[in-house]
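So the structure is just underneath, and the comments pick up after that.
Chain naming follows the written order as A, B, C and D, and within any one chain the residues start at number 1.
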Amino acid sequence: MSKYSFKYDFSEGAHPRIIEALTRSNMEQQGGYGTDDYSQQAKELIRKKINNANADIYFVSGGTQANLIVISAVLHTFEAVISPKTGHIYQHEAGAIEATGHRIETVEKADGKLTPTDIEQILEAYFPPHTIQPKMVYLTHATELGTIYSKAELQAIWELCQQKDLYLFIDGARLGAALCSEESDLTLSELSAMCDVFYIGGTKNGALLGEAIVINNDKLKVGFESHIKMRGGLMAKGRLLGIQFVELFRDGLFFDLARHANRMAQKIKNALISQNIPLHSESPTNQLFVIMPNKLIEKLYEKYEFYTFFKYDENSSVTRLVTSWATDEKVVEEFIEDLIKWARVS
Amino acid sequence: MSKYSFKYDFSEGAHPRIIEALTRSNMEQQGGYGTDDYSQQAKELIRKKINNANADIYFVSGGTQANLIVISAVLHTFEAVISPKTGHIYQHEAGAIEATGHRIETVEKADGKLTPTDIEQILEAYFPPHTIQPKMVYLTHATELGTIYSKAELQAIWELCQQKDLYLFIDGARLGAALCSEESDLTLSELSAMCDVFYIGGTKNGALLGEAIVINNDKLKVGFESHIKMRGGLMAKGRLLGIQFVELFRDGLFFDLARHANRMAQKIKNALISQNIPLHSESPTNQLFVIMPNKLIEKLYEKYEFYTFFKYDENSSVTRLVTSWATDEKVVEEFIEDLIKWARVS
Amino acid sequence: MSKYSFKYDFSEGAHPRIIEALTRSNMEQQGGYGTDDYSQQAKELIRKKINNANADIYFVSGGTQANLIVISAVLHTFEAVISPKTGHIYQHEAGAIEATGHRIETVEKADGKLTPTDIEQILEAYFPPHTIQPKMVYLTHATELGTIYSKAELQAIWELCQQKDLYLFIDGARLGAALCSEESDLTLSELSAMCDVFYIGGTKNGALLGEAIVINNDKLKVGFESHIKMRGGLMAKGRLLGIQFVELFRDGLFFDLARHANRMAQKIKNALISQNIPLHSESPTNQLFVIMPNKLIEKLYEKYEFYTFFKYDENSSVTRLVTSWATDEKVVEEFIEDLIKWARVS
Amino acid sequence: MSKYSFKYDFSEGAHPRIIEALTRSNMEQQGGYGTDDYSQQAKELIRKKINNANADIYFVSGGTQANLIVISAVLHTFEAVISPKTGHIYQHEAGAIEATGHRIETVEKADGKLTPTDIEQILEAYFPPHTIQPKMVYLTHATELGTIYSKAELQAIWELCQQKDLYLFIDGARLGAALCSEESDLTLSELSAMCDVFYIGGTKNGALLGEAIVINNDKLKVGFESHIKMRGGLMAKGRLLGIQFVELFRDGLFFDLARHANRMAQKIKNALISQNIPLHSESPTNQLFVIMPNKLIEKLYEKYEFYTFFKYDENSSVTRLVTSWATDEKVVEEFIEDLIKWARVS
């Protein structure tokens, strides 16, 4: 690959400290299926960070796996999950949730964020036994459009969920980016206190693979490990996940990596604004959705890779630029120069 | 862990060459979801080894995942899979197959191996529309008891499957050990030519994680990647799997590692025989099932870890000793000395 | 029940001729599970009416059962069905389709009718392996809003389905009303020739229970009866269904009953129009969706039962009036008088 | 059909009183989906008979439907149901239970009856998270071999279930025959008090169709009607089921019919014993499993229909003779004469 890629936040391997930790521990004998010392240590580190000594924590290999395990473990067969239509479970998981027997009740949201009103509207349409009972609220933080929830917004959803006896599940595939955004007023422990279950994404924030599912609600803990096994998510060498999360959480590495990713994106964002290139969503995180002239896209494609999502109008399209823990600041600066140069021309 | 473990063939990390390859490639940008260069290269290497340029190959993270994806992708809803009762899908996958909607039709087999007669008996009981149609044969090679199929045995099953319009699926979680056993008369390419789909296990033969699913039958290729995604098995950083399989197959590493594991087990087996300690199954691979006096088990537990599976009689139990690519020959020799010493005493 | 009900088209038992046929045949011994003479005879009658001697026909007890059996039998696990959002499978079947593992991809349609454009838009969004493959088009005829497809409209959808390799499934829970509408230009055999599979609704057109599933596409016939059994739809006394469909199809009873239901509804519709009471949908069949002043609803509720579906504005609501084969014309005339009287007052 | 059939207990329609009740009530308007007056009345009658005013009762169309709805509603995804291998859910429901995601853990039992020891053996093999959690015990009464449980036998299972936190579900497709057997020491209310959920079979005891599911355990009541709807079991004209169960339970009709069926079978049984024709199982109910000389079978087939299940030895086979509420005593006497005549000859 000779072009520099802004397609994903998982184009590189893992943060070097993770590779070093894997190398260092490699020949130790450890217990299988998550009984290894590292997994225990990583769970303790996370329990401290979220300020909940009773949380049950499990590591699985990816986001779709985390979502399908949590949702199918928590819901009973006749229950549905509420999600924005942009939600990853609805848009990019190939029907994984329905394959476990559950409907996703969707709401169209331009910014990818649910509100209490959205949830209430779905609840009002519930007409048993002819319709499905909505029983869980699913939201992503940061969303698939790069947006984030404020503390007040999350609080309002959480209160409604408790009042209406709904479970709240937060998909944190990009939780680092969300919490470390300059616009965020939420800490990890505050977020953890406002949901029944969530996960902390490693794959998109410096790990080779791995998401940490955190279960706060006692009712949801029963038999959860059996669900992981039944869905093919119980890794024989669980150490691979444990070692990585120890590295990410034994000091602030997880947050440092997210901060870097955000800073790179916001640097590009400022350049876009300066050039009057409009944004498709107001993202304060590491994904930018940009309405670019097609001619500019064509020029940028000579040196860079990124997704063009859909046509905006005759002359422009919506593109996505993603930065990560590994994004090279020098390349970002070069990209900005190119952007300025070609924006004028196109 | 101060005791040496013979519990698993996945107690250590990965073979050092794999760790080196991960380190070396770490900061390269690569495509996501298995589009990376390494995955392509690994697929080509495997296609050559199996002598089938048209095989579709996919890498997933573990054995249960491979099994549930293959079986649910291949079977239609009203179809069942035939397996020995000892089969991994029946014994150790927490109902993963049934959770996708399929019954496992089982046959009691002392040696863990299916025969054409077993399959025919199940077919005879088929009474539509009141019973389920058996449509796939599942076998493990090596089996969960360490036994292996001969070329003639596999050939007979394969012919029956073709005659009866059944798919043949071989679970190769321990395929290396099976093929590299001194008693094996099968090569990888011969085995591949006698089934519709199989997988090559990496997790239990030197990889951090990873199984390579090989689809030979064209009918089974349609939409397979969607199934992987839908079951949560499509890894974002597919490179992690690709790099490992390149390393295992670019020269003979995969086979070397299996040979070492087998050699260590057979060394122990010879010592057991010399001490008249009986074996529970005739395993020529890296898992030994041993009928040990309880007093001997107690002594060995002071220095070693291994599973005691079940009570054999008042004074003895069936234990499992597993060796791997990483098993230290010096420890094996020490273990044998201890065995001889304590076998006499107990 | 002292009030007259316009809530359903299944408020009464069965047409008296059906009860007589059940009585007459009652003590005959017949084969079980649909092997009885009546079921065979009914299938032959339907095959003649649809002009397809090769159709496979099965009788099941109800509409939700028919829908879930057909859809789960036809689709493979990673495939989805396209439906208007008003579709019965989406609105009133408690997640039955998702419970079998399939997503319903919905399109918002004010009149409850799909168009080729709707289908194409969903196909365009297909992005494997990250999204689900749409593989079936589901439409209801008459729709849940009482509307019907013209021959040209159905033809256009059928052609697109063939071109795009999609199965077309028509839910005919109210097929009689649709085909016998004065606005219909479609016959039963024409409709049958323009879909892969459909069903003829008995429950809402004079039977005690029963829907006849008709499979035209050979590919969909394999193992279908096993699916019926597996989903709990294979009735031990299949004669109960056979006898009823013989009675409905041995002369024109099925169509006569639908015609009566339509005529009763259209009589009410004309009265509504004469009183300037607006309709919510343009139904030429036996269901009327009416925007009524709340005061009028209140008055009518003193003597009649019907559903008030939702608030239209401050002073009026959308109600549903349903007529059937059993609707008493005298009561309809009385209802119209009351309507005229109270419409003026309110 | 000129031959008399002993194939099923559902060869005829319904008991004439049921047909009369359907005729009588036919043109009444009634609420849909089980809200009709008859269903309410039938539920009250059953609640009185079982002596449990708090039981939730639902009517569905058949046995496989009842089984799949109860089991999938009660069990959570990772849980299994224990059954004798002869159980209807394992032998004759085409994988209906597995299609809802659950394994059936089976035990080989010559007489079709589970014991506490069988259950305990399955519980001992539970090894989470690698195996499935058994959570329900399923038994049939009468069994598929015609045998029945004594009060003490059921009591012992019920106590174990409570102690081990297992749900007990009794499939009563032939409950009438079991309770009315001369060997039975159980009443309906005693049986009801010793399980969490059971159903009373109508289809095989004089109804056109219909099983009454009785839920005693409060925990199992939540959302149950949604499950019925979701599985396609909520009948629009629920009156059809209500009317029949009113008729069966408003006086002793249900029990009278079962008694007749049993008496007819036992009459045949005595004749078989007198002729030294051995029985395959000790059935005191309306199904006889008989080891008949093949020559005798051949002769009987000239005048009668019944199932030959499987080869017993070179010269004889196991047949099944089933009687019902409708079995004509004169034909039974004729059958016995023929049996005696031909038994001597063959």
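FYI, contacts are C-beta pairs under 8 Å (C-beta built on N, C-alpha and C of every residue); 3 or more make two chains touch, one makes a residue touch a chain.
Quick caveat, the model's predicted, so the values are computed rather than measured.
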Which chains sit in contact with both members of the pair chain A and chain C?
B, D
Looking at chain pairs A-D and A-B, which one is connected by more C-beta pairs in contact?
A-B
Need the most distant chain from chain C, centre defined as the mean of C-alpha atoms.
B
Mean-CA-position distance for chain D and chain B (Å)
43
The distance between the C-alpha centres of chain A and chain D, rounded to whole Å, is 51
Counting only Cα atoms for the centres, state how far chain A is from chain B in Å.
34
Where chain D touches two or more other chains simultaneously, the residues are 77-78, 93-95, 99-101, 128-130, 132, 226, 229-230, 234
Residues of chain B defined as touching chain D within the complex:
77-78, 80, 91-95, 98-104, 128-132
Where on chain C is chain B touching in the complex?
33, 72-73, 76-78, 100-101, 128-130, 132-133, 223, 225-230, 234
Under the definition above, what is the set of chain B residues touching chain A in their complex?
1, 4-5, 7-8, 10-14, 16, 19, 22-23, 25-32, 61-69, 93-96, 99-100, 203-204, 208-209, 226, 229-237, 239-240, 326
